[in-house]
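One chain, chain A, appears in both complexes that follow, with chain B as partner in the first and chain C in the second.
Take a look at the complex of A and B:
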């Protein structure tokens, strides 16, 4: 039997996961299950968008929810205030988030904020945005924005059933995954890996670290915002804690980290695992212990960092290397 | 005297007394950073832990929060030491990104452990002296807040003296300055790390206890304090002990005055703006270059 290389296997597993998800609606799942899956796919999409910046480029953007919030608020506000279609809202939200990402990356580059300082900076910016949203009347302050839904109007991203939202979310996840895949194959992918492994060395070898870090941040921000916009329209309700809070912020990050940062299917796997945990615990334990699934997430994060820093995808890869007896040699590992 | 000025001074006084408690949170954070070079993203959860210790001591046994602060400190010194020994130590050689993620995981776990154990409900204790005040030339200061401020200051200065004068304290500082050099002269870096994390955690928990007489207890109660504490330690230079204290008082006053000038809802915006400003224009902090 011919044993394929890891990048080929990675691509195949990713494709398999996406196709598998695309086939789910054929089984006519109950609306509740479909809802759970849509949430899962949106988490995977945000995790994947973070993965581009946090995994492939190694930038610890731990306040990443700011881009999600910008997308969600842009789509929600533009629609409720001006009747702008969410399809346009996605683009505007994406553009705004890209601009924010550009500002965050240029500021941090200009002032040499790296690693922990960069992490703190992004966290602070996200909480500033949350405070601003909490105190801005136009976006409903703490009440947030209620987006009327339920009618049927594809031009306004309005559908009576959940299935179209399922495919919109899945399409977004597939698109983000493809963007990462495409970037990874180009020179930019190699540059980002160089920046991740050793920024100074990358710079010394002639990589335009400023350009690539800024480009990567903007792109990741725009993709995250798109997921935020879809989230807003699908759930029909957003508020500062929901789309800019610290809690959901870490949930998004965890999807990518537990799944395996710097791998193509890690965030998808992470979302499947973590959302399954949270849904199972909710069904098994009822609504009473509010933070149970997050407690498990915290334990999972500790366990992953201590024992398998490459995440679930790293485990899959090790198993793969064992089966193929080819060892791991094609990709530098993320540590 | 004009009432405007008096109100303003009132806010300044509130800022100073709150700054004292901020200081206690911040010195723990800066000590851990100075020695271990790790930003402890779970620091706020340790503050929250101290709050719950004092809350339950009061509810179950009627122990005054200022007494149970000692229990908090001891308990969380041990928890911090165990965390360092069994959770942080194994990944000390790993890249910084892993350490950051690890402490985020610890924080997430602790917050939600509190959610599960104690529910997300906001809890308050009613001590008899909760609303007593003392007047300084017309400026009213709440007595529990003042006591917390004084205790926080005494503890911080005590810790400072410990680091300056005792053998163990000097070992901690030596390990902070030069890990390998300290090991060469026979300082067990491992033990020092464990002690440093323990002290940092203990200080955070005491701060939590000191807050309970006038602050709501809930699983996420530590978050605003630790976000402010990051601002403070960056302002006062990461790893600089006295810098953290000075920074704490400055931020306490800035937040309080900010909420007077703008609106109470915007107080965090004030400290975050200072934070961004410091990160951008003086990332080494006010006391950059000087070791504690």
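Take a look at the complex of A and C:
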């Protein structure tokens, strides 16, 4: 057998996953299943966007839902208040989130907020935004924004079936994944890794750590906001808890962490696994006392974190390395 | 022609004066040794020159730029690289990736950076280790990796902070050889060293710091006979030597 390098294997697995997801609609899944899958893909997209900043650049942006919320509110508000197409809303939401990301990274750098302090700062900002949304009449306060849907108007991202939303979400996930893949191979990718590994050494090696951290944060924020905008239009309803709350915030992070941060397909795997556990426990235990399925979900999470701390992608890599070694042993001439 | 001009540099940490009115000039093509007892302020001086510490007073000029208070990355881009006494590899990355990051200082192309990194690894003798992660290296190899990463940034001035400490005599000889090779490539070297025989053989000129002050400067031969230097190292109420 041909023994490939891990980056090649990583790329192949990622492509396989994305192509596999693209083929799912051919099986004509029931609307409910398609709905679950769209949610799963949007989770993967947010996890992947976070992965750029939290995985590749090592910045613990644990309040990352703030960017998702900005995208969701921008698209929802612009449309309901001014009739702006969500396609434009994605761009405006992305730009706003990029600006917010820039502010968050510059403020944290200005006041020396690193590591856990940076993490808490991002969480605090996300909850400040949630409180602002809760108290702003223009965005419906606690009622949120109801986005009328169900008509057919591609220019306004309106479709009568779920399948187009499935492909929009998948396209977004593929685009975010490609952005990470492309960056990883460039100078910026090397510099982000340097910042993650050792900031002082990065500075000493000529890396403008302030610039690259800010650029990475803005980009990750904009990509996250795009997912937020698609989410808003697809679900037709957003409120502060849904798109800025602590609960969904950590579900997003878990997708990337359980899947394996700093790897190309980790967040995709993570979303597949976590959404599957969450949905099956909900369906299977829905009749049990309220909240029981969440306890099962929580237990499954603890098990994953305990037994595969490096994430699912780490397991895949270990298995792959094992197969590679066996391949070399069976065919000693191949290296 | 002077490449680096440090003038009246002073750095205090609270009540402790780490550097007091230090003036040093480094000329193009020299190897300058910086010595002094523990706590003399050698590493602090490097940090203040390379932008990691902002001096309280005084100035640093490098190639006609006033670099006092600039960010370290800016100083590196201007052509000054440093190593760390406690080596700071990018532990999770491969040896080649470590050095490639340095090489990106002069190019935007991944291919060019990687090939430059390979050349440098060849020069420091780490080629066989290029695909291992930095965490797998021995302490001696880590020191060489530190030098390689700094060299990859294509500096005109290289600040080496104790790259020979903790090495066996054979390894020390190799590193001395490497430092000479670096100088032969036209790179000026300033090196902090505790291994005295090494500095004396290697340096064209030696600067001695003691309690944050420059107490002597000259050729290795004159330095070893300087009464102030002998006193700093051997006696008179200073047991830290």
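Here are some notes:
In this section, the second predicted complex is superposed on the first by the 304 of 335 C-alpha atoms of A that agree within 3 Å, B and C clash if a C-alpha of one lies under 4 Å from a C-alpha of the other, contacts with A are read in each partner's own complex, and residues count from 1 in each chain.
Heads up, the rule we're going with is that contacts are C-beta pairs under 8 Å (C-beta built on N, C-alpha and C of every residue); 3 or more make two chains touch, one makes a residue touch a chain.
Small disclaimer: the values here were computed from a predicted structure and weren't measured.
Legend: residue contacts after superposition of the two complexes on their common chain; A:186 is shown touching chain C, with no touch to chain B. By the touch criterion stated above, A:117 is placed in contact with chain B alone, chain C being left untouched. By the touch criterion stated above, A:306 is placed in contact with chain B alone, chain C being left untouched.
By the document's definition of touching, neither partner reaches A:19: not chain B, not chain C. Of the two partner chains, chain C is the only one touched by A:198; chain B is not.
In the overlay built on the shared chain, the residue A:292 is in contact with chain B alone; chain C does not reach it.
More residues of chain A lie in touch with B than with the remaining chain of the pair chain B and chain C.
Note for the complex: chain C touches chain A at residues 50-52, 71-74, 76-77, 81-82, 84, 88-93, 97, 100-102, 104-105, 107-110, 113, 149-150, 152-153. The touching residues of chain A, when paired with chain C in their complex, are 185-187, 190-191, 193-194, 196-198, 200-210. For chain B in complex with chain A, the touching residues are 39, 87, 90-91, 94-98, 100-102, 104-116, 119-120, 219, 223, 227, 230-231, 234, 263, 265-266, 268-269, 272-273, 275-276, 279-281, 283.
Chain A meets chain B in the complex at residues 58, 60, 62, 107, 110-113, 115-117, 119-121, 123-125, 127-128, 131-132, 134-135, 246, 250, 253-254, 257, 289-292, 294-295, 297-302, 304-306, 309, 335.
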